[in-house]
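Letters A, B, C and D mark the chains in the order given here, with residues in each chain numbered from 1 onward.
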Amino acid sequence: MKTAYTFTGRLLICCADRPGIVARVSQFLYALGANILDASQHSTDPKEGLFFMRMVFQLEHSDTSREAFEASFRETVANPLQMDWHIDYPDHRKRLGIFVSAYDHCLQELLWRWRSGELAVDIPLVISNHESLRGITESFGIPFHYLPVTKENKTAQEAQALTLLTAAGIDFIVLARYMQILSPLIVSSMPGRIINIHHSFLPAFAGARPYQHAYTRGVKLIGATAHYVTNELDEGPIIEQDVARVSHRHAVEDLVLLGKDIERQVLTRAVKAHIDDRVIVHGNKTIVF
Amino acid sequence: MKTAYTFTGRLLICCADRPGIVARVSQFLYALGANILDASQHSTDPKEGLFFMRMVFQLEHSDTSREAFEASFRETVANPLQMDWHIDYPDHRKRLGIFVSAYDHCLQELLWRWRSGELAVDIPLVISNHESLRGITESFGIPFHYLPVTKENKTAQEAQALTLLTAAGIDFIVLARYMQILSPLIVSSMPGRIINIHHSFLPAFAGARPYQHAYTRGVKLIGATAHYVTNELDEGPIIEQDVARVSHRHAVEDLVLLGKDIERQVLTRAVKAHIDDRVIVHGNKTIVF
Amino acid sequence: MKTAYTFTGRLLICCADRPGIVARVSQFLYALGANILDASQHSTDPKEGLFFMRMVFQLEHSDTSREAFEASFRETVANPLQMDWHIDYPDHRKRLGIFVSAYDHCLQELLWRWRSGELAVDIPLVISNHESLRGITESFGIPFHYLPVTKENKTAQEAQALTLLTAAGIDFIVLARYMQILSPLIVSSMPGRIINIHHSFLPAFAGARPYQHAYTRGVKLIGATAHYVTNELDEGPIIEQDVARVSHRHAVEDLVLLGKDIERQVLTRAVKAHIDDRVIVHGNKTIVF
Amino acid sequence: MKTAYTFTGRLLICCADRPGIVARVSQFLYALGANILDASQHSTDPKEGLFFMRMVFQLEHSDTSREAFEASFRETVANPLQMDWHIDYPDHRKRLGIFVSAYDHCLQELLWRWRSGELAVDIPLVISNHESLRGITESFGIPFHYLPVTKENKTAQEAQALTLLTAAGIDFIVLARYMQILSPLIVSSMPGRIINIHHSFLPAFAGARPYQHAYTRGVKLIGATAHYVTNELDEGPIIEQDVARVSHRHAVEDLVLLGKDIERQVLTRAVKAHIDDRVIVHGNKTIVF
């Protein structure tokens, strides 16, 4: 007697554009009896010649397991078309590790939405270089690891963080206003899987004290940017941005408060897009389906 | 010797959801040698069970003409799957008829963007129940027809309008602040092809004098709505909406001025979506890909 | 030896417009040695003929107490000019009573911002017709009162609520998604001091299930409205509104989630404006300085 | 028999903050029988210690002429308090000179709103380094001056422009996408009276080709900035900014089109604020009341 497999998959694809890609993928799915629940596609202009696609499909009572699906897709579709591809399954709860320093607003927002069920992830740990957010973290039942960083111990502490992340089986990291620069060790271990919230509308005011700079420059809008972390500081692929209107009435402290609200929202939207496998990173840009 | 056909097509599809639709369509296209340039799909939840898709494809040096393509698609794909479908071609410039009364801002915006090449349509005529916008219209080289409407002559004038529209081979109509209610005669002759700009954020303040009502009610946002016209006044499928922030400082006249800006933008975005075959009307709602 | 008084005051004024009001008020303040920190004024058009003003002033080492200030202002300025007026002091922390039912997002947002110091109020109690938010409330160290409401006990429970509010010296109330209609007893006891968050962009979709209605109508924007409560349901003076963009991709549940985010933000902004004495209610409208 | 003067004035004031300024000004106005129609005030934090105010007042059937008003205000209020001040009168139609190159969208928007009465200015001339917009300009009945600029003739042409501006009695200049850098000669002749629209959300992407840069960087928002021109390129005081949301679907050309829409709106809002004497420039920032 055969086992019947029922699952939903999310397929992300990037390859050189050419006729027949959609047909090939959808034909492959149809032959297995899969129903396509959602599909989005993007082709760049002919000069770049790139093809991106996200397909969500469902198999019900199939005799194809996930492993069999992946092996077959690789062999008959992905490899022949030289695809960069990725698959994940909504019933696989991604495991999120959060890094935070002393600002609590982004951490709070994530934990709260997580508890309400809006963020369908597991959060096995929060790592911080300060003790101050231990209480909040543990009140949500999440282990809190205090790893203070100095110039001397930075390498050791990062190694320790990496050990914790590995032990916890972390799938992706969110830097929820973590005020340390992650070393290439960690960054290169999770390419396209570390999300940072930058307290500025990048590329304006990259670096520290953006609200002070915004005030000094007298801008009429301030913003925040969520991006994947690369080893180029503040230069990684942008996932989401937003702004709010300000005026001469906003003192620097007002800008900071308003900025926190934008940061919370922008970070949340970026994290949700990542969880739902909506983001393809290509070069230094994102396609967010 | 065969003729070689090269064309781009935009296919809009609505049918009951079931496995294999994407595969069937993309396989059909692939078999003809077509390249899919853009594809979007939307499935409603299983209770509604509807499938919507927009596909943009390109055939190059093919031996399939448009007529042959359409006949073949109808027979081998659309009919078997009981699709509601529509195809149009970007190189077919749609023919737009504009109705207007005395407000010039929406007419101006459309004509200006048309002249700049942003709206890829032909505009064979403007019909108005006032003489006042003849000068502007004719300065763009577009024929202007003055059809004043009274209770007595309304039927006759609408028949006359319909004759003009038919003679001009109009594909779709924009009511650019036309202050008459179109009779069912015209409305039913062009279902899903008459776009109205309503000077309100529907469903709030449906009907006349919305800015006066907004002022009286003290709302903090005012808006505008572009929708397809049906015989239910202000109740047709919404294509696009937007709002702007207002305060106690805005007198009614200020709301009117600001409203005009929103109307121009909202109408433009709706008209562009229609021109690019991005809108599927289903029941009283739109899917705008 | 005299006592030296140092305080900041916020003066809200509404009266018939006529020459000399600003001069009279600012002259009065200057004569006492007060510095004007912020001033905003609004005159309606001559037909309405109304004058509104907010002035923030500071007295340092003055021999005028608050009581003396108020008495003198009443006698020499407010009464002669027949002003509706109100004064409050930033160092007087307003006392906020929160009513809530089962949705936690608005309560959470308020308590969180309160703990961070962003909302400079005391919160002596939360009243709910459900037990479910006791844990959250008490984790912030705030007393939680469970007053379940049935048709039979409604009058008694409201009397009980009023007793609690009075005993706690409540200055204003926030209905943070409280799903009961407050009786005229409570409403009329605190005119212009009960803030409700309505889960809709009023006046569209007043009443229950606005997100279902928004979905059915296919709107492209959804919103939320914070308003003062009057005995006309959903008709009280609007303080703040906002919207978010939606599309056919949003199922009703998505609209609900997105709506919660807008509700949180709109309610917060309205509550802050109230705390800072920025709102004047006149008739059924607000002036928010 | 005395002449009776009736006029409305707009007073802009900047000075060191100290008690009694509002009282002094409003008392001065009241003593002349003036009614204050609108007043806004802004004090920076004590460290900066600056006071800004805009007052709109009305004198009816007064025996004080504008000249007498200004002389008296200077002597009895402005000089004693060491004010930077400026007065203008709504019935004085400011004279606007427009510089433009080949892009027509900003010019069109300004001329159109001017004709509709929305911009209460006179426009005695348009100056361009291209011939291409002569037709549009002259169709509005406005003289068009073609002053092509080369490295060799730049000084001579700017002198010629200055002669034209002076002869026309220009009050302020708008650079409606003028692709030349104005020489210090003109810039320093009209400090705080030359408005430029920059096709970027400054300070990001200052300089040329911002949409190409925005595309390359993969930003999710693009913007535009209206600012006063100083001799520091792109660094002058910002008057107004706005943004629009973009995605991977926007090719560079799409960004350019969308950018034009933002530029039109941002420039219009900035020009209106300037016409209504709402802007005070202080250092490199603006206060926009």
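In this section, a contact is a pair of C-beta atoms (placed from the backbone, for glycine too) under 8 Å apart; a residue touches a chain by one contact, two chains touch by 3 or more.
Protein identities per chain, from UniProt: A, B, C, D = Formyltetrahydrofolate deformylase.
All of these numbers come straight from a predicted model, not from anything done at the bench.
Enquirer: Using the stated contact rule, I'd like to know whether A-B or A-C comes out ahead in C-beta pair count.
Expert: A-B
Enquirer: Taking each chain's centre as the mean of its CA atoms, how far is subunit A from subunit C in angstrom?
Expert: Roughly 38 Å separates the two chain centres.
Enquirer: Per the centroid of Cα atoms for each chain, what is the distance between subunit B and subunit C, given in Å?
Expert: For subunit B versus subunit C, the centre distance works out to 43 Å.
Enquirer: Please set out, as single numbers or ranges, the residues of subunit D touching at least two other chains.
Expert: 42
Enquirer: So that we know how the chains sit together, what is the shape of their touch graph: line, ring, star, complete or other?
Expert: Its topology is that of a complete graph.
Enquirer: Which subunit C residues qualify as touching subunit B in the complex?
Expert: 42, 45, 52, 201-205, 217-221, 223, 237-243, 247-249, 251, 284-288
Enquirer: Please name which positions on subunit A make contact with subunit B in the complex.
Expert: 17-24, 26-27, 29-30, 33-43
Enquirer: Which part of subunit B faces subunit D closely enough to touch in the complex?
Expert: Those in contact with subunit D are residues 104-105, 108, 112, 116, 118, 139, 257, 261, 265.
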